[in-house]
Amino acid sequence: MARKQKSIRTDIGWSDASSITLFGKDFPNEILGHLNLGDMGFLELTGRFPNPNESRMFNAMVVTLVEHGITPSALVARMTYLGAPESLQGAVAAGLNGLGTVFVGSIEGAAKLLYETMPSKEPQQDLQALAVKVVDSYKSRGAIVPGIGHPFHKPIDPRTPRLKQIAVETGFDGPYLKLMEAVAAQASLVSGKPMPMNATGAIGALCCEMGFDWKICRGLGVMARAVGLVGHILEESRNPMAQEVWHRIEEVATEHMRPKQDDEK
Amino acid sequence: MARKQKSIRTDIGWSDASSITLFGKDFPNEILGHLNLGDMGFLELTGRFPNPNESRMFNAMVVTLVEHGITPSALVARMTYLGAPESLQGAVAAGLNGLGTVFVGSIEGAAKLLYETMPSKEPQQDLQALAVKVVDSYKSRGAIVPGIGHPFHKPIDPRTPRLKQIAVETGFDGPYLKLMEAVAAQASLVSGKPMPMNATGAIGALCCEMGFDWKICRGLGVMARAVGLVGHILEESRNPMAQEVWHRIEEVATEHMRPKQDDEK
Amino acid sequence: MARKQKSIRTDIGWSDASSITLFGKDFPNEILGHLNLGDMGFLELTGRFPNPNESRMFNAMVVTLVEHGITPSALVARMTYLGAPESLQGAVAAGLNGLGTVFVGSIEGAAKLLYETMPSKEPQQDLQALAVKVVDSYKSRGAIVPGIGHPFHKPIDPRTPRLKQIAVETGFDGPYLKLMEAVAAQASLVSGKPMPMNATGAIGALCCEMGFDWKICRGLGVMARAVGLVGHILEESRNPMAQEVWHRIEEVATEHMRPKQDDEK
Amino acid sequence: MARKQKSIRTDIGWSDASSITLFGKDFPNEILGHLNLGDMGFLELTGRFPNPNESRMFNAMVVTLVEHGITPSALVARMTYLGAPESLQGAVAAGLNGLGTVFVGSIEGAAKLLYETMPSKEPQQDLQALAVKVVDSYKSRGAIVPGIGHPFHKPIDPRTPRLKQIAVETGFDGPYLKLMEAVAAQASLVSGKPMPMNATGAIGALCCEMGFDWKICRGLGVMARAVGLVGHILEESRNPMAQEVWHRIEEVATEHMRPKQDDEK
């Protein structure tokens, strides 16, 4: 008995010998030169062009995630490039593989939390009561609220006030952003230490303001970091550190197994 | 004898509890909200902000490479997501791994060719003579000139005239772009069929106009396509094709090995 | 205030100019020529050499996962190789990225289920009662029991009886394997359709018999499939299908968007 | 005009509800329990079962490449796992991405060199004369002969004599292995320092003895290292180093940019 075929269909676009149509637009003439790279990302996620406020906000969100100096993803890209300089794409790919639940996953976690707590934007909701409920629920499960606090940036993640400022300027300081802040304030109160909204929490909330599926929020970090990793590979190609990192770590990590050297040597 | 240590150093940036400094700028306040994602890519590659012309040209270059519908990289990302929906980052990474010598490699190839032919921008060079030399050299080696002709987009890659137009508008229609065009014209003459500059040839030439290392040119395709692959994963999560692609291909590819079925069935 | 450093330490091995010590063994002389590749995998997971029964069982477990013809991971590796033939490693890496929760994840799921149900091997436990409890628990949550049933291999996964036979021959038909079978029988009873233990269920149970952490069980699939993907890339290099797959899928997927062609043409 | 379709075909295998056929064999009954993981790799590369000598030699070749302690690929896998513990497969994939021209690429380079120098095994060839020619050719181009010398293992790579011994015992000490040794001896003579055949040189030569395509030789390293990287992820999950590596390197690499701290603090 033959298998019943399902359809195979994309609505992103098609091309022929003389034209490329993407998201219903004439790609060369209506998109190239009109959209910047962040706008193109917005188009990929929504199927439409951003308005000026959306463009500014979305670009700020992704630019936030491009670069943070020497991160694990940057080290991974550099150490991969050391072994396979023929494959810049493999070095970037390797670096992106680490953008999981621990790092950019908190964007996804924050967005999911916010959507589950407030499935639709209804401005008259009691955000304070919702925040108490969220924090209680996480506390009772012994779970960590995503998007608040930061291991290094204390007490305040310096990216957060700036993202909020841009949100105010572009009209994105809506109920999801306010709820995320209320959750952070409540968590600080309950834990007795400052747990302010961090950059991923703000970005997760802004993803909700823009109506993105929570499942795709991690994608903002992935597309952004690809840009930053190319920068790290460029620096690695000019002023390498990967080989020295490898040797130093190998020496430290295996020291306890090595035979002690004679003192007189 | 102890190994002599080399230095480990980045100049991209650093951060402490309350600040993030990248490329010498206060990241939250001087970069966020000021640069779009393409500008941030320009900053990663040059260490400085683009001026308005650079911003427009560079964004057009990378936006060109974001999306081309159902490509091998898009299929790879979708089929990876089918097996590992927990790892959006892995699906993008898998897709990027295919951006090698065959696809975006021609950007790199074109840039390398142009730099080798014309190590520095000297407007008074005889571009036509250089083009003849390049085509002769490739022909004598039986090699393919990178950045010209296209398997689908015939006779003209529709992205190329648009990129040229933006180059004219932004002042990037310099000697490298003109040399690439001269090479394409000469190759068309010699081969007897139209071999116009394609989008990767134009982008490679524009990379030279901007002074990028040829080794990093592939990176423009990698950072751009990461944006597009997130869009494909979003569509796959809503309207999947990967499983059906798999089943159809598996059936076709193994048909010759399967026992023939009874006719009456 | 300086950060307090933590230790960086491996116990896997070290080397100097004239020796390589791995897992406490003289690698060249005690391992090379003595262990096969599966045995080396066992050594990586346990820190000790397998005995002959362990060697036979473990090799059978991983060999099961090497190859299953045209799978999504094989298609991904082939399509990545199409674009980046310079990076065989990237093609294998891309293929492995899809070995997540949907495919080899069921090994992990089965092992986790079994360990949670029976934290230690106590032969006198009432496996039937445990199985009823497991199936009830999954049913009440609307969750799918991992490691049973198979979309293609019906009613019986042909690898399962063979793995069981080898388990009997090598003494690995212990309580975890029996519990997995009891769970499968109970699930079949409750659902009213055959839901026998599949190959990943058997392998998950055998991982428990061998005492592997459930978190590493996915690793058996990953190490095994790397072997198979090299085979697919070899075939792709000799008799390619990736480009044709791409073109066919692109045509089908975009057909609804393309302008209808004139009938007379 | 419609595109002319090409065929899509695999000869690796197929399956139906009750059977899996791979390389013409009944997979469950003729392969599982009969082949070890290395033998399965041999089957993938040749389409046939190894004889006992082939099995021993091939397993030794791949086991050689599984593990070398803290390598860049191991660090990459560990640092990727730090960020994405949900995706063990992504951590292994990231690690494999670095197995390029610098590391396992020398297997490929050695095999290519040997095949180009001696396209077919003809025992009566003057290997010494061929070796002189090879070394002259590389020297005149300023190129490095692949497969000889080693940055750490001096003067002799301890894996090489053992691989040679196994080659003698299994009958694989043929003309390619002898040619590789002659090349190493000649290079040592010409350079005035010991440049003995290293492990990748020996494995490259043994790949030629087995008749493998040079293009697939890198694959031996890829399939082998996947096994080792699972071991590193297991150790990382129990005794992590990745976070500490990141912090230490970040501190060292950014020290020159940080403001000097007050002395009295």
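In this document, chain identifiers A, B, C and D correspond to the written order of the chains, with residue numbering beginning at 1 in each.
Just so we're on the same page, contacts are C-beta pairs under 8 Å (C-beta built on N, C-alpha and C of every residue); 3 or more make two chains touch, one makes a residue touch a chain.
Bear in mind that the values here come from a model prediction, so they are computed numbers and not experimental data.
Colleague: Where the contacts of chain C and chain D overlap, which chains show up?
Modeller: Shared contacts of chain C and chain D: A, B.
Colleague: Specify the chain most distant from chain A by Cα centroid.
Modeller: Computed centres place D farthest from chain A.
Colleague: Report the inter-centroid distance (CA atoms only) between chain B and chain C in whole Å.
Modeller: Averaging C-alpha atoms per chain gives centres 35 Å apart.
Colleague: Would you mind pulling out the distance in Å between where the CA atoms of chain A average out and where those of chain C do?
Modeller: A distance of 30 Å separates the two centres.
Colleague: What is the distance, in whole Å, between the centres of chain A and chain B, each centre taken as the mean of its C-alpha atoms?
Modeller: Computed value for the inter-centroid distance: 22 Å.
Colleague: Multi-chain contacts in chain B: which residues touch at least two other chains?
Modeller: Touching at least two other chains: 8-11, 13-14, 16, 69-70, 84, 86-87, 89-90, 93-94, 97-100, 241, 245, 249, 253-254.
Colleague: Okay, in this complex, where on chain B does chain C touch?
Modeller: Checking each residue of chain B against chain C gives 69-73, 75-76, 79-87, 90-91, 93-95, 97-103, 105, 241-242, 245-246, 249-250, 253-254.
Colleague: Per the contact definition, I'd like the list of chain C residues that touch chain A in the complex.
Modeller: My answer: residues 8-11, 13-14, 16, 21, 84, 86-87, 89-90, 93-94, 97, 249, 252-254, 256-258.
Colleague: Tell me, which parts of chain C touch chain D in their complex?
Modeller: Where chain C meets chain D, its residues are 3, 5-20, 22, 27-29, 31-33, 35-41, 43-45, 55-56, 59-60, 62-64, 66-70, 87-90, 92-94, 96-100, 104, 152-154, 156, 158-159, 161-163, 165-166, 169, 213, 215-216, 218-224, 226-228, 230-235, 237, 239, 241, 243-245, 247-248, 251.
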